[in-house]
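The two complexes that follow have chain A in common; it is paired with chain B in the first and with chain C in the second.
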Partner chain A sequence: MHILKLLSAFLKVNIQMSLAYRADTVVNILLNLMWLAWELLSLNIIFSNTQTLGGWGLGELIALLGVFRLINTMMIAFIWPNTEKFNQSIRDGSMDYTILQPANSMFLVTFSRITVWRFWDLILAVVLIVIGINMSGDSINALQILTFILLALSGMVVIYSLWIVLIALTFWFTKFDNNVTILQALLDAGRYPATVYPVWLRIIVTFIIPIAVATTIPLQALRGELGLNQVLIFLFVGIASFVIATQVWKTGLKRYSGASS
Partner chain B sequence: MFLIFKRLWQVNWAEQWQYRANLLMYLLYWLVSPIIYLAVWTSIANANGDVKGFTANDFVTYYMVLLICDQVTSNIIIHTFAYKIQDGSLSGELIKPIHPMLTNALVNNVAFKVLTMIGLTPIWVILFFLFQPDFSGVTFINILIAIPPMLFAFLIGFLFSASITALAFWTTRIYSIHEFYFALILLFSGQFVPLTLMPKVIQDIAQYLPFQLMLYYPIQLILGKLSQAQIIQGYVMTGIWLSVSILLFNWVWREGVKRYSAVGA
Partner chain C sequence: MTPTIKVNQLSKTYQVPEREGGFGAAVRGFFNRKYKDVKAVQQVDFKIEQGEVVGFLGPNGAGKTTTLKMLSGLLHPTSGTADVLGFTPWELKTEYLRSMTLVMGQRNRLSWDIPAADSFLLNQAIYRIPDDEYKETYKELDELLELEPLMKKPVRNLSLGERMKCEIAVGLLHRPKVLFLDEPTIGLDITGQARIREFLQEYNKRTGATIILTSHYMADVTALCERIIIIHHGQLKYDGGINDLSKKIAPFKLIGVLMENADEHDLSKYGEVVENMEDADKKFIQVKADEVTRITSRLLADLPIRDITIADPPIEDVIEQAFNA
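So, the complex of A and B:
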């Protein structure tokens, strides 16, 4: 309950901040629509030249685009603004105030900045997923939808955990402003099914920077390609990565010495 | 004038060298999209035998050359200059007897480019061994003919980006404008896919725009895919767009500086 109250307080503050820049918000939404148009056009170009991409049809790629946009929204709405604030707070020592507050520091650091208007992107993503599944004509039962949702959530947790580890590294190397660039760099790999990539690239996006775990894998579950074992493994990976990230954060926090004091 | 450029080079090289870690990250960031497009299209070509005449090897060579062309013809001026107009630190440069954009910023871009090229070389070699492309269509003459239009394409792109950057004299939303410009490049330059695989409408429009001169034209030229008439047409288009970009930049800059109010300085 405590966490929910804090979250709604953060939301209120962030809504007020974005209301100060209304015209920018409109421009940003227009640009966002432009990119959506480009993404759909690029899929159209691909499928005007082929029937399937690694065994996946147009509908399935549109659904994948939806899942990709979920992760992308998370990146733009949470990860970037909070990382910026966090890096700043390590450099100037204002992290002191965050730690002093009577709440989980990891929660405070990762949720205090939210680019609120990006929420409409989430709706768009869900619409894309629904349209894509309908277009693909796959017959899907309730169990597949459930595993899809669970694995998509677990994939987001994996990305969130990786982010925690990356920013926690700043406690060790104070000048580490590029901490999330690597995550952003490989994000684009989530637009297409990882099965079409060469083996070395597949290994990178599955195990090292696990974008595919958050994009390709949930959709594979939706298509009924994953066995129960695999589903359980990926759910376990989600939980394990969160536990590990929490530990890394705690260990890192002990090293924080406060730049100003 | 030569002395000025020499000194500017020393300063900007030292500055860029200082940020070499950032630069590596940038390089990594920029590499991913072309490699993904390469993977996607070679997988399609392998599954279907070919895509409208493009074999898997054609795609590999296309994107491998694209990595080099994009590095030569792109620029970062909006990221290194726009803030100077916005926070007023341009004032100090304006009183110097040299053009702030056409000297300092230009040399800064070139220094950045040379460094990224050095970083790109080992990565390119690794990719070469991973994909094992067959470059037998490439001749020395073709590379030689492609160099002048590539350098001019860099200038064209630089002047257009500089013009967009100079819009900061009027508006604070230049980053949005630049994003739109970036989308145009993606659509018309052949960055996503060789232009011949794009819808007919886009191909027809792209022919008259400067963006294909930055990637599609030099890539095809190097790969030896263009007829003599097409090569000459590219040279003519380069000349026309270079003149347009010079005129446009001069005009935007002249009007912009008049409006400059040196905020905060």
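So, the complex of A and C:
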């Protein structure tokens, strides 16, 4: 598999790059631990005053936090560093080299930078999800776990696609460094279950801004609250958004080569 | 044999936002942007055979880089066609991308924070170069460019000249058949320039690769290219041998004379007196090529001359004249 070979080459280079800055790596690991403690603490504060939040118990919220962190890991491990690299490559013109490489440019732009030390965060996210599910004491069957995994992946694809569209806009506007600030603002809204928001905001969060798709929906699947129809719809949303993002990217590249000098 | 590169009526027009200076104009420009058409390249035609080394010359903004970008596939032309190795470059076919390279002296392909060796391996993966072929190519490039001592240091710790060597080498790992080099020696000192030049010459000889290069350093062009293409204001002004250039564009010769009490004699009645920094002892006049014999004998008869030379004017001056023609 050429893609895997390429991915492992990128990974190797990035491990070497992160090892080049030791202090940076250590500080980042410490910071990450502090953030986790803070998030758990704030959940505790909320629940010392109330037993449920939008109908969800503590265990479920911890599981949600796990899913949220899963996406956050994707953001920090891939999306942020590559956004920075992308914006810089537009400014300094090294994007030209990316375009002329005989590999899928969207792939190159996605994986050329990887924040390696975030990988242990992935494990943490999974642990949180497992603990959360256990705490909520639901009896979960294999099908529920499967739909949960599929929908979580689909949700991540939705966010990824949104990112691709946002950075591709740079091809039209040349300077659009705030491209991903928007994405972070949206993602922060996903930290709490969509059901805590008023209905109109929930509709926006679920359908127009697909963050809830990536956090709340998979967890609802895990609790067995979604029907087959809904599961299929959300899977379709994942695939469709990826197809759309790919098209936007291609059009953007064409635009770039038509207008740049 | 079909030429490696065939360019037919290639044109590129940019739309550039245009506004006057000042705050008011900036605000007006935000809401109602005006665009101006800039004709970067206009109906350029040429053919280049396999193995040729061709120099693109022209002042800044002449359209050299735009042409090079269209040939490498980065830019779509406004009109016209180009054919490189049987491909239309801007279709960006994988097979095409694997058989050409673009090296831009002012842009970095190598990652700043890691040793060049790692960037090389990344490119090996991207270009799908088999291990044995990679080793062979690397060995060859190392032989020519002495890469080995540079490979282990982070790229940011390399000197400009060392980095350029690595930049060129990384662009050649996949053994491209066509090389587009945009200012490959920019910012390098004289020895650095000479080293890159020698390398390109040797590489061309060994592999038979076709090379197009642009450079501001005339020495690059005179040393490497037998043929030059001059572009000015987006138009092709000259295409031919570098030696024919002076005949066609500036049929002048430069007569240099060394004489006693040089300052007492007025040379302006023989021809146009020109400055020559490289040889301060001599005085130089520029005369038409067909008058050289007549004027030389007059000089010899009239003046106390100790030494006399007749030469072509420097290529820089000739090209300067070509631009202004």
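In the analysis below, the second predicted complex is superposed on the first by the 255 of 261 C-alpha atoms of A that agree within 3 Å, B and C clash if a C-alpha of one lies under 4 Å from a C-alpha of the other, contacts with A are read in each partner's own complex, and residues count from 1 in each chain.
Criterion: a contact is a pair of C-beta atoms (placed from the backbone, for glycine too) under 8 Å apart; a residue touches a chain by one contact, two chains touch by 3 or more.
For clarity, every value in this text was computed on a predicted model and none was experimentally measured.
In the superposed model, A:Gly93 lies in contact with chain C only, and not with chain B. When the two complexes are overlaid on their common chain A, residue A:Lys254 makes contact with chain C while staying clear of chain B.
In the superposed pair of complexes, A:Leu235 makes contact with neither chain B nor chain C.
Judged by the touch definition given at the top, the superposed model places A:Ser42 against chain B, while chain C stays out of reach. When the shared chain is aligned, chain C comes close enough to touch A:Val13, but chain B does not. Once the two complexes are laid over each other on the shared chain, residue contacts for A:Ile244 go to neither chain B nor chain C.
Using the contact criterion defined above for the overlaid structures, shared-chain residue A:Leu31 touches chain B, although it does not reach chain C. Residue ranges of chain A in contact with chain B, taken from their complex: 24, 27-28, 31, 34-35, 38, 42, 44-46, 48-50, 52-54, 177-178, 181-182, 184-186, 188-189, 191-192, 196-198, 200-201. Contacts from chain B toward chain A in the complex involve residues 21-22, 25-26, 28-29, 31-33, 35-36, 39-40, 43-44, 47-48, 51-52, 130-131, 173, 176, 179-180, 183, 186-187, 192-193, 197-199. Residues 2, 5-6, 9-10, 12-13, 16-17, 20-21, 92-94, 96-97, 99-103, 108, 254, 257-261 of chain A touch chain C in their complex.
The residues of chain C lying in touch with chain A in their complex are 14-15, 40, 66, 69, 72-76, 90, 92, 94-95, 97-98, 102, 104, 106-109, 111, 113-115, 118-119, 121-122, 124-128, 154.
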